[in-house]
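The same subunit A turns up in both complexes below, where it pairs with subunit B and then with subunit C.
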Partner chain A sequence: MLAIGKVRFVGEPVAAVIGADQLSAQEALDKIKVEYEELVPVLDVESALAPGGVLVHGMDYIGGAFRGFDDFPGGTKNICQAVHVEWGDVDAAFASAAHIAEGEYYFPMVYAYAMEPYVAVADYDSKGQLTVYSSAQHPFMVRHDLAEIFDLPLNSVRVIVPYVGGGYGSKSYTKIEPLTAACSWKVSRPVKLQLSVEEAFLTTRSDDARVYIRTAVDDSGKLIAKQATIHLDTGAYAENSPMVCRKAANRIVGPYRFPHVRVDCLAIYTNTVPASSYRGLGAAQITFPVESQMDELAHKIGCDPQEFRLRNLAHSGESIHPGLRPIDADVPGDIRLAAETLRSNGPLALKHGRSVCCSCSDAGAHPVTLAMVHVYADGSVSVMSGSTEIGQGSHTVLAQIAAEEMGVPLGKVRLVGSDTGVTLFERSTGASRTTTLMGRAVMEACREAITQCKSMAAELLGVPAGEFTEERGGIRHGKDWLSWPEIIERYFQMEGCGIIGRAYLRRAGALKAVPVFWEIGVVGVEIALDEETGKISLDTLVTVGDVGLAIHPAMTESQDLGAATMGLGIGLFEELIYEGQQLMNGTLLEYRVPRFSDLARRVELKLVENHDGVGPYGAKGGGEGCVNPIGACLANALYQAAGVRIRRLPLTPERVWKALQEQKSQAPASQRKPPAAPKTDVTKTTA
Partner chain B sequence: MKIGFELNGKAASLEIEPRETLAEVLRARCRLTGVKLSCEAQVCGSCTVLVDGLPVSACTYLAYEIRDKRVTTIEGLADPPGRLHPLQQAFLDHFAFQCGFCTPGMILAAKSLLDENVHVSDEEIIAYMSGNLCRCTGYLGILKAIRQASAEMKATWKENRSTS
Partner chain C sequence: MTTLSRFEIDQPGSVAEASQMLGHYGDQAAIYAGGTELLLAMRHRALSYKHLIDLKVIPGLNAIKARDGVIEIGAACTHRTIESSSLVREMQPVFAELESQVANIRVRATGTLGGNLCFAEPHSDPATMLLVLGATVWIESARGTREIPIEKLIAGAYANHLAPGEILTRIVVPCGKSNHRAAYMKFQIHERPTLGLGLWLETLDGGRTFTAARVAVGCVSPFPHRAPVAEALLTGSRAEVEKHLPETAALIADGADLVDDHEGSAEYKRHLVDVFLRRTFLKAVGLRISS
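Presenting the complex of A and B:
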């Protein structure tokens, strides 16, 4: 909540003032004088790992300190999580390889910038009931943390999440709720805490990633081995980075067949803003190196990058991770679709480049999802869902599913959103899980309500349930048709009555295999390069959403475009810059996010619907995949356009221009060759 | 101090502090929470409201400046109440929002654009709207919505011209 004894990053709260209004609280804040003794900070992962260096938390990492991460036995230095993934014999495979590509890549620290900053209202009343209204994505996790902190039973903590102004991962887990609740406890009155955007910049960011990766092929161009080391700068507190660490390690394999894999991923403490979830959860960080290197390796062996991918992609039903769910998507088909769409632009213009890249994420998180529907005698239906509506449209999709199952018009369905005092448990709203898991739970809850209605009908009609047939919205028995509401009203002989259908999903049955589904991201771009300035502009953007079934196609497409646009920001201009311990560009004036004018000339949003997911009607999640491949798409397209390979995002005009100048100085124009084997060192640029 | 102005078509008069911004007055005193605050530095456009038909960033605009002027917020756009403005309908038709936080400012900025020139090109829309940020949609739905509203408002404009 507040720093005690030691402040670990600039921006960490040290004191709270409670005032009757914002102005008086601010005036009081100015009266607080804090004296700091300056300590030696740890500002990057190299110094964090250096022998004899300063420990951010003054101690080595204790195994099992984080909920859900009991498998890590503890570490030394500033390592807060280490994940090792290995199968096959990597060293032997590299020794026998026909070709190897290797390199180091850097993915920057970025800020999600949800337009509504963090906000919470807490009311800790005299009876020991704590009610919190919050912009949190995961109200049940917040409830858990508040119950632990204030030593309250779960039934005394109620977390309510109204509509939220964007999240993209940044509103995952617990943020300002404990401090707000403590303030309310202190004054025995409701307290509101609302951060400014500048304060939100200092609350959460994404992990940046230094990735060393090497990839080997045999003489037929088949991938045989991958080895990677990932260093995540996690900032001053662990937040959700132990999970980012685990996911980055899993996801770096990509949707490819690899007989030999070895990955080491470290989440490392530094004295900077704590990193946590960001759309893609570790996948954007590692897809940039993976898919850049796929192109580099393809060029090295003289193969077309798309052909090289197609040769090595796992097909639907094939395994990419030993022991995990086989791939439930058609990645080769998705890649072809994106490539064909790009090709319809015609011959490539001068200083233009194209690229199609993909990512593959173990998505859905832990499948514990409970849902309940009320079916009323007047024909209306309420869906009680603990999934948070943060703009992804889940309230619409869940209502569609209930309308479909109960056979009522969409207008008859009402969503009752996240309220831990009312809605059943849902682990989280993230990992692209809501359509798949909550959607399935709502579908099963409706079916359970229907089963109840059928036994009521059997009793009313005095016949076994087998003698009538279910028809959309009710049952048919001979000439008679009875709707679900009619059955309910006649059964209870009471107007205004209603029943509850419920579903409890857990890791069992169709949801036993891990992950819940593989989330695929496939993006194609065509860029135009201005050599004079180094500015890259997006000519064409193609997204492919391999979502099983798009329950609401327009919103699904819009999610893909939104994700790709966030990726574009990181690819071209977003980066949090530190000078010493100060974040230098933590305001919207200095931190540029994509604007209207960054919209591509041509945008094609494609959906692939093969009904291959475990969600309702074969649906799977989407909305995160398309953020991942963009960085590599841009770097690969730049290489095609100008023959320079940059292994660091964002591809700012300055960085691109410098790379072009370096290329010019190395080879006179007459000798300049079209793209050939790239250098393997990281393009050196300064921030 | 007391100021008089027109708020969403009705005469209004308020006691305000000289330091108060228009956004503070509209949100706290008038309870018009469709005015959204985000960057508070005139970058994001989410607090856009119309003063005498022109867009201003309510986050940094002193409320004092609205005296004797017309203020339009998103709450005052559907006229008569219940019938949506062509822009509001077009935003719904094209799913031009996700979380909706930028939407009031986006629609009001677009209204100012179309009121000024209903015959806009895509380039003009993009240039004009670049002061309003959206983090969810990637802007395409918004562009399509403004196009649709422009077409509808053009038709009305023609009708009005032929009848007058």
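Presenting the complex of A and C:
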């Protein structure tokens, strides 16, 4: 909550003032003088790992059920988590490889800007009931943490999350709720804590990533081995970077068949703002190196990059990770669709470049999702969901599912939640899980309510249930038709009555295999390069959402566009800049997020619906995938446009210009030409 | 959430009264003329004032008038007022166009030209262009009124040459003429421009030769710089001028005190001066810009 004894990053709260209004609280705050004794900070991964260096923490990381990790004894080395993934014989494979590409890549620290900064209202009442209204993404995790911190039983902590103004990962896990609750406990009154955008910048950020990666192919151009070392700068506290660390290590394999893999991923403490979830959870960080290197390797062996991908992509039903769910998507088809759409732009103009890249994430997180529906005698339905509506539109989609199942108009369905005092447990709202897991839970809860209605009908009609048929919204028995609400009213002989249907999903049955589903990100771009300034602009953006079924197509497309636009920010200009221990650009004036004017001239949002997910009607999650491939798309397209390869994001105009200068100084004027490697349009594919 | 400290807004009825208030409150007061920069700085505790003297309520300070070949723009005119003024659009279209590109619509609707110039934020678009348009400003106080060229107003980053109690009341911009060629271009990646370049040329033969020139570059250093040494190279035949553009750009960059910052290295900014001098020149003489 507050730094005790030692402040580990600039922005860590050191004191709290409670005031009757904002201004007087501010004036009291201005009167606090803090004396700091300056300690030697650890400001980057290199010095954090240096032997004998300063330790950010003297203790080990403590995991826990929600974090999904064992405790990690790394505290003596500034390492908060280490993940090792290995199969096959990597060293032998590299020794026998026909070609190898290797390189180091850097993905910057970025901030998941949401229009609504963190806010919480806590009311710790005299009876020991703690009620917190919060902008948290995962109310049940916050409840868990509050119950632990204040030593309260779960039934004494109620976390209510109204509509949230965006999160993109930045609002997952517990943030300002414990401090707000402590303040309320202190004054026995409700207390509100609201951060400004500038303070939100100092609350959480993404892990940056230094990635060394090498990839080997045999003489037929088949991928045989991958080896990678990932160093994540996790900042001053672990938050949920241990999970980012795990996911980055898993996801670096991509949707490709690799017989031999070895990955080491470290999450490392430094004295900077703590890192946490960022849309894609580790996938954006590693897709940039993976998909950049796929192009580099393709060029090295003289193969068209798309052809090279298609040759090595896992098909639906094939396994990419031993022991995990086989691929439940058509990645080659998705790539072809993106490439064909880009190709319809016609011949490539001068100083333009194109690229299609993909990512593959073990999504859905741990499947524990409980839901209930109230079916009322007046024909209305309430869906009680612990999923947070954070702008992604889940309240709409869940209502659609309930309306479909109960056979009522959408307008008759209302969502309740999330509210830990009212709605059943849902582990989290993240990892693109809500449609798949909560959607499935709502569907099953509706079906359970229908089963109850059918027993009631059997009793009312005095016939076995087998003698009537279920029709949308009710049952038919001979000439009679009874709707579910009618059955409920007649059964209880009471107006205003209602029943509950419920569903408990856990890791069993169709949800036994992990991940819940593979989230695929496929993006195509065409860029235009201003060679004089180095400025890249986006000409065309193609997203492909391989979502099984788009229950609400417009919102599914918007999620893809939003994710791609976020990726564009990192690709072109977003980067948190530290000088010493100070964050230098933690305001929206200095930290640039994408604007409408940055969007592509042509935007094509494609949906692929193969009903291959475990969610309702074959649906799978979406919304994170398209953030991941953009950085590599831009770097690959830049290579095609100008022949320079940049292994660090963002591709700022100055960085591009410098690379072009370097290229000119290396090649004599007579040899200067656009890239030698892609002889053909990189988006050309075989059918 | 950090919030503004308590302060009072004082609303004078005249410039003389505003000047008196400034004298009375001394360091405790600042002129408030839109506040788009001032209030941000106050919210972040970079500046602190007990009194803000509201210039916008003084009658007449938001007027735009034409007189003897010049446009007089009241210091409290918002950017939005200027960009939509038919007078400015007709008499000095390049400045109206520039004003229509300042920051964003919210800033333009609130921020004023006088506030922009006096606050002297290093990335000001208008300051750079007013240097090359040969603008002057009127400064009033209890001691009287003086008119000075815009060069004499800006002292550095966030610093102006106003004496205590002095208030900028109007900006005088010479009207464009048919034998003038002028353009302003900027390069922008972040919220504020990385570079702004203004160019003004005089021609007596429809653009074949140039008899006078002014050029200035802004945003790349603590305050916008005119480049008199470079201006000599911008006169003469068009072919000569074009031939010397790289040399001219180098002189502009030399004189501009380029700094490394988050917008870019001095080296990159030097390169941008070269690119944008050529682009601005082509735009001023009315040619399409390739690339």
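Points worth noting:
Here is the rule we go by: the second predicted complex is superposed on the first by the 658 of 687 C-alpha atoms of A that agree within 3 Å, B and C clash if a C-alpha of one lies under 4 Å from a C-alpha of the other, contacts with A are read in each partner's own complex, and residues count from 1 in each chain.
In this text, contacts are C-beta pairs under 8 Å (C-beta built on N, C-alpha and C of every residue); 3 or more make two chains touch, one makes a residue touch a chain.
Everything quoted here is computed from the prediction, not taken from an experiment.
When both complexes are overlaid on chain A, the residue A:588 reaches subunit B and subunit C alike.
In the superposition on chain A, A:87 makes contact with neither subunit B nor subunit C. Of the two partner chains placed by the overlay, neither subunit B nor subunit C lies in contact with A:212.
Of the two partner chains placed by the overlay, only subunit C lies in contact with A:26; subunit B stays clear of it. Touch criterion met: A:596 reaches subunit B, while subunit C stays clear of it.
In the superposed pair of complexes, A:504 makes contact with neither subunit B nor subunit C. Contacts of A:196 after superposition on the shared chain: both subunit B and subunit C are touched.
One of subunit B and subunit C touches more residues of subunit A, and that partner is B. When the two complexes are overlaid on their common chain A, residue A:531 makes contact with subunit C while staying clear of subunit B. Once the two complexes are laid over each other on the shared chain, residue contacts for A:164 go to subunit B alone; subunit C is not touched. Residues 117, 196, 588-589 of subunit A contact both subunit B in one complex and subunit C in the other. Against subunit A, in their complex, subunit C makes its touches with residues 1-3, 5-6, 40, 44, 187, 189-192, 262, 264-265, 268, 271-272, 275, 291.
By the touch criterion given at the top, residues 22-23, 26-27, 30, 117, 194-196, 198-199, 530-533, 535, 573, 577, 584-585, 588-590, 592, 652-654, 657-658 of subunit A touch subunit C in their complex. Every residue of subunit B that touches subunit A in the complex is listed here, in rising order: 36, 38-41, 43-44, 46, 94-95, 97-102, 125-127, 129-130, 132-133, 135-143. Residues 112-117, 163-168, 196-197, 390-393, 554-555, 558-559, 561-562, 564-566, 587-589, 593-599, 603 of subunit A are the ones that touch subunit B when the two sit in their complex.
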